[in-house]
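Okay, here's the structure, questions in a sec.
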Amino acid sequence: MTFEPRIVGFLCNWCSYAGADLAGVSRISYPTNIRIIRLMCSGRVDPVFVLETLANGADGVMVMGCHPGDCHYVEGNLQTERKIKMLKKLIARTGLEPERVRLEWVSASEGGRFAELVKEFTNQIKALGPSPLVGEKPDPNILEDLLAAKATAGDFRLRVLVGKEKGMIDDGNVYGEEVSQEEFDKTMDEAIDAEYVRNKIYLMVRKEPLSVKELSKRLDLDPQAVLRHMVVMRRRGMVTVDRIEGTTPLYAALEVGR
Amino acid sequence: MFICHCGINIGGIVNVPEVVKYAMTLPNVVYSEGNLYTCSSEGLSKIKEGIGKYNLNRVIVASCTPRTHEPLFRATCEEAGVNKYLFEMANIREHCSWAHMHEPDKATEKAKDIVRMAVAKARLLKPQEEPEIDVAPSALVIGGGISGMTAALCLADQGFKVYLVEKEPELGGMLRHLHKLYPTMVDASEGLNKIVEAVKPNKNIEVWKSTVVKQVKGFIGNFDVSFQRENGETANFRVGTIIVATGADVFEPVGMYGYEKYDNVITQFKLEQLLKGGQLEKPERVVMIQCTGAREEKGRTYCSRICCMTALKNALLVKESYPETDVYILFRDLQTYGKEYEEWHRMAQDRGVKFIKYALEKPPEVVAGNNGKLTVDVYHALLNEQVQIESDLVVLSTPLVQHEDAKELSQILKVPLGPDGFFFEAHVKLRPIDFATDGIYVCGTAHSPKDTAESVSQALGVASRAAIPMAVKRLRTEAITATVDEILCSGCGTCVTICPYGAIEKDEKGVARVTAVVCKGCGTCGASCPEKAISMRHFTDEQVVAQALAALGRAVA
Amino acid sequence: MEASKSVLVIGGGIAGMQASLDLASRGLKVYLAEKTPSIGGRMAQLDKTFPTMDCSICILAPKMIECFRHPNITLLTYSEVQEVSGSAGNFTVKILKKPRFINEEKCTGCGVCAQHCPVEVPNEFDMGIGVRKAIYVPFPQAVPLKYTVDEENCLKCRLCQRMCQAEAVDLNQKPEVVHLNVGAVVVATGFELFDVQRRSEYGYGKYQNVLISLEFERLLSASGPTGGHLLRLSDGRIPKRIAFIQCVGSRSLKGGVSFCSSACCMYATKEAILIREHEPECEVYIFYNELKVFGKGFQDFVTRAQNDWGVKYVRALPGEVLEDSKTGDLTLWYEDTRENVTKSIKADIVVLCPALVPRAANKEVGVILGLELDEHGFFKPKDSLFAPVDTNVLGVFICGYCQSPKDIPESVAQASAAAARAAEVIALSPSKEVH
Amino acid sequence: MTAEPKIVAFLCNWCSYAGADLAGMSRISYPPNIRAIRVMCSGRVDPAFVIQAFETGADGVLVSGCHPGDCHYVSGNLKAEKRMQNTRKLLKLLGLGPERLRLEWISTAEGAKFAQVVTGFTEELRRIGPNPLKAGGNPKAPVSTKEVVSKALKKTNVQYCLECGKCSGSCPISRINEAYSPRRTVERFLLGYEDKVLLGTDVWTCLTCFTCSERCPSDVRFPEFVRACRSVASKEVMEELCAHRGIPLSLSRIMTNPRIKQERMGWLPNGAEISQKSGLLYFVGCLPYFDVVFEDFNLDLLKIPQSVVKALNKVGIKPAMLGNEKCCGHDLLWTGDVENFEKLAKMNVADFKETGATRIVTACPECYRTLKKDYAERLGNFDFEVLHVSELLSELVDKGQIKFEGELPRKVVYHDSCRLGRHMGVYAPPRKVIASIPGVEMVEMGRNRENAVCCGVNAWMSCNKYSKEVQIDRLMEAKATGADLLVTACPKCQIHWKCVTSEKLPVNPEEVTMEMRDLSVLVAEAMHLT
């Protein structure tokens, strides 16, 4: 039988959900694959929701909000835009295709556009094929990547960066210095890299104690970098030395405080 | 669980009986039935019956869009003693039967999923109490000009206490300096006195002259404001609402068109006062230059709205007292909008006022002529010829600009200023005189340049906006609001910056505190909180994720 | 209910809705009378709004629904005020509810009836470009979402009656008279469009590709007859050049009205930007005489249109529009008053911006309420400076376009002003018990 | 003693002038009444010279050239002969008598003949008596330019100009002549540059077609403003720009002279019935003169009055007519000669009153406008009902008095003349009349009724390459409709179009030449009266 993607849509109540209503009212048909979750504002969409959804085998996720300027809550949608930007970067580092997540603006009068987008996205996902996480036997590595990503997205550092992004770029940082989009994106990328790797490490050493050497092999990352992460993670109380084999310490995850 | 056929709208495509049967198989579902029209009075009584019979503590209706029908069903639940936040709706019409008319089987499958998602959320729903606060029946009006006084009077007449604060020692604002007011040509002072005389005796209005607002704390219904008099003495009051009517200043065109270099180059504002005082000696030829320092390419890019009419009015007044005096108006686009202002343009044409259109690229030049006169050299855009006018009085029409101290006030009130420096409303189109922050309003030239009539309209407008919460006395809002887990909150302030409504502030413990009545429930803060310390009532992480998983046929982890 | 605690609002456009919501939210009872089947007014017909480019219906619909749901507001749609007597604090009102031939209690707005109705007629809401059935809602977001049978066009085939499972169709329904007692009245009858056929040199009604702005607005609207696809009505081609002509009938001592409609320069600019959004290949010219940029953010809006969107502004009112009968293409003759040359330009579509004029019906409304009108048919304010929303009748207030030309925010602000004055009068007038 | 006759003589350089010389050399004496003007060839003598000579009071005009065959310029003298015959007709119409103009062939050798001719001519003129035009109009009082202009500014709303350019966008001339724009002309007046403008050509460029004033949102009545300004504008420039060397204007001016007794009724078809007691006066206009002046166009303009009379007679109406009907003065008024216009107006009105008629009908839109509007406005108590023949005809068609027999299978396109259309708002009657003719299929040009385009010239002013373009453009539009007959209710439209098509055309003649017919003639045709 043909592959019918399972798509979850997070729609804001005022524009996009209304747009979907209008598509129905105007009897504009589109593929049945999408399942819609109504939120008050697309700003409510936590990247963690999306990763959770993907981890549980969604083939695609659509986030829809009001066009910039139309937001019922002034600029919730602009926050969403930044969150999804970060999210896509994050997913790009996992084994999953970032194209499985799509952010679109649909106004209450754009029933046609809504249907069009759903059709288009469904086809795109069909072309992409089923998510490796579908079914009873999801690909363990990618799943682990995704769990790491989820943890990363839930992590203080990225959230605070995304949260303050607009403020920083519009009004400068706490020291009143102008921050350009470029500078900011650079910081952001570094943060994503670091936090993602750390969460991967955490998940690995949670299964079994591992050495820096072993980790650097599995992550194919130079040992020094891994060691640097280890230092940070120890300070954060994420890992501790489990035992020392010969001269190499093996690290284990700490459940405490997490 | 009540599933609606909506006549044939749903029933004609989705196999409703099958969905009804399926619903029974879902966890926690104890009852499920189909209705022809669940929203019909008969359908509604079915719901009430069901609630009684099976003492349901969660109710789901699968029918049309919640955007129109949820309130109806919620009300029904409340009548049957079920908290309305325990109701959930599944949209199987707009999002299913109507959109997938040609695929009945798939539509039925989708309907089941939608129902399953609704159940998943419903299981996690919690009853909510809608937040309420008392509103102090008193208003603070900042600015004792025509706008402020008009608003104050209207509120006072509606029975509310008003504190009217004016930084000058006199009430009256801009009108004190004006001569005649178009379109009725009444004396500004005459119109003004009427109002001042009405304000003085009004027992509901407390006038504070030579006073500024120093501090404002709190939120709608409960603003704690402190004033400071010139002499330093201070006072504190609690008010329910705040109206910003601080007016505007007139731009001083220093260094433009020889202003301050030649003493017969003056501003329109100055001419107004000369006419008022009857001190204008007969000029042979007057040249008025519009858009002096307005509609610029950079800086003051905005049009100041009132200057063209002011110029026309004063041109006519000059002609009235000195018919033989030539009057030229050099303009860019004459802003004679609205019902009667075109008439003024024609009156001026009738009296022989000469109009010359100049282009932004080639502004006029004012140079010294012989025997104390000036020569205005202007490129006549519509003849494309250079025209020289010898004149003994050049009048510059300059725009209204925001006060120096507006920035300070905007910070005290935590309300924004726009790119043009004027106070920035909640929504340009549909909330023109509200601020995004509940309980604070703006009117008159503090909002943007406008003439007296327009200021009065807005002033009366805010008198209505501000009266609403004060009249109902208690504010009640939807319970869909953010709550902060004080233990998790690290006080990073991300939410405070993100919230467009100023609903979140850090309390003395440095922890975020949400003012529920001010919160509009968008949830952006929740989705951004670095510590996941904020959760959204009725849209909790768990509920949303549960829906997602249900959509994918997964049980909640 | 005390008469003095309730208000009649005439006109369900944005001004009437705002006044109603203000009054209702502060605890007064409001009767909102609207002569068409749905509230929403002109704003509902707009695609976007200047200068923010908000989607009009998106920001309007929540307000409409709020009016519908508000416990203190009674909507009297498809109704007309017939008599008003009494005085401030206690007016007696007679309202005629025209028959919808639908039982509003039973109608669920599901639309099955319309699907089966065999009669198709031009849809007023789409300015006659689109079609509707003889049983219809004016537009999908209509409030109340109740169907209406339009008597002229109905064949009485009763198909709708048979299809409606809610048994809401009642073709024998009779007009109903509603009697009210109110303390104050707010009038917000809005505007209508100048008949541009009176300026025959522009060929409206003669040439298919000459449209008026409101028709064009529907053409641009995603919910409009072409689903927001910008097409030429004559041949369905995508236009390559569109010209707007300002001041058709406005600012005219002859063949029009002498005043300025105050909104045209801006909405034309808005529509121009929308065209560039839809069809970046399509050139847009706006022929104007004087740009009215007096409002907040207007000048910046125009500057954006020029610099960021490449909209071309030509200072000239064209003399005439000629059609090539074979291609349907149009030629405009004009003097570019900035260059002092008279020349012509071809365009695929010409959009006329007609004067917005007070409703002819204001005369009757004026008689019913005893209100004075000015020479144009606007309601006269008591004092245009210090009492802009008061009228010669105490307790009757005016707001929105019917008071004088204004745009949406000005109407909204003034609607609140009228609400404030109504509330004030009510607060000051002795309350009378009525049953 | 009676005044001695004055003779103006135009002598060709090679024969006649030499002949005169010989007469002198041979000491042959002849009366001193002659004033000789040397021209290179008698062919150079324009009828206008002759007419103006008489206008300024000459009692006789002698034109003399070489004998046929001897012409130094091959055939100039033959052209002269034709022209002078034509001019004699005008003199006859004017009642001055054709004999006051003589054409003689005098060779170099014929000194005696010259003396003879002069003597004979002088004798004859003594017999005929003096030219009634002697002692012409007294010089008019000077008017203040400023006053006239500022009054006109107010009267015609010029001060309300918003400079929107709609006038130029409508003006058929501005389109092709970049230098000209009603808007700019107005703006210059408003800024007080009137002197400059009045010395220029702009005030004479306006076709007074009323398209701009029809459309002007500010109700600026530019053509009327221009008309007022023309009375204080430079006459020299005017004469420069006047077509046909001003003959038509001269004729009108001549008619202002009360001593003039015209012989203008020659066109009246035999059997035509007219009755001075009839309540209806038919005002013919200058057609008898134009028929002569524009002979070469063979437009057969007299068919128009003939058709009118026949048609009226057919339905039993015997119209009254004025044997000494004066020009209505339209062209003088629109070229700024208010004084002479008023003279004509007064004389005409006096004559109207005598007939006791209450209704006046005319087939000329210019007469129509002038009588109905300008007479009424300028003379006051003008209590006549003025009709254009199209109005009268449609009235008769309505009443069923006019019946058409048989079919007239023509595809007709109707052109609205400016005067009848925009000036007076008469659009429906002519259309109704045409449509009521059986067999006629009527089509419209894209630009019709108030949007119709001018025929390109008015009051003989500024007939130049621009007017030609306008005319050709209009004719092409008419042709493009596929009609085979172009009908207009204005004789002047026909004259101007005929004029342009009889010249070398920049386009393929096919695209512009089409049969033209005056409305009255068409009707007579349909009634089988021609």
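By written order: A, B, C and D. Residues from 1 in each chain.
Note that a contact is a pair of C-beta atoms (placed from the backbone, for glycine too) under 8 Å apart; a residue touches a chain by one contact, two chains touch by 3 or more.
The structure displayed is predicted, hence computed values, not measured ones.
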item: Chain at the geometric heart of the assembly (C-alpha centres); value: C
item: Chain centre separation in whole Å, for subunit D relative to subunit B (CA means); value: 70
item: Length of the line joining the C-alpha centres of subunit A and subunit D, rounded to whole Å; value: 90
item: Length of the line joining the C-alpha centres of subunit B and subunit C, rounded to whole Å; value: 22
item: Approximate Å spacing (C-alpha centroids) for the pair subunit C, subunit D; value: 55
item: Interface hub residues of subunit A, defined as touching at least two other chains; value: 18, 22, 25, 72
item: Multi-chain contact residues (two or more partners), subunit B; value: 67, 346, 382-383
item: Per-residue multi-chain contacts in subunit D, two or more chains; value: 160, 163, 183-184
item: Chain-chain contacts as defined at top; value: A-B, A-C, B-C, B-D, C-D
item: Complex contact set, residues of subunit C against subunit B; value: 14, 18, 22, 25-27, 49, 51-52, 54, 59-60, 63, 65, 69, 105-106, 108, 110-112, 145, 164-166, 251, 253, 258-260, 262, 290-300, 303, 337-340, 374, 376, 378, 383-389, 404-406, 408-410, 412-421, 423-424, 427-428
item: Residues of subunit D touching subunit C in the complex; value: 157, 160, 162-171, 174-175, 178, 181, 183-184, 211-212, 215-219, 446-447, 449-451
item: Of all residues in subunit D, those that touch subunit B in their complex; value: 159-160, 163, 183-184, 187-188, 190-191
item: List of subunit C residues in touch with subunit A within their complex; value: 47, 52-59, 61-62, 111, 140-141, 221-223, 227-228
item: Interface residues, subunit C side, partner subunit D - complex; value: 199-201, 247, 251-256, 289-290, 315-320, 322-323, 325, 332-337, 340-342, 344
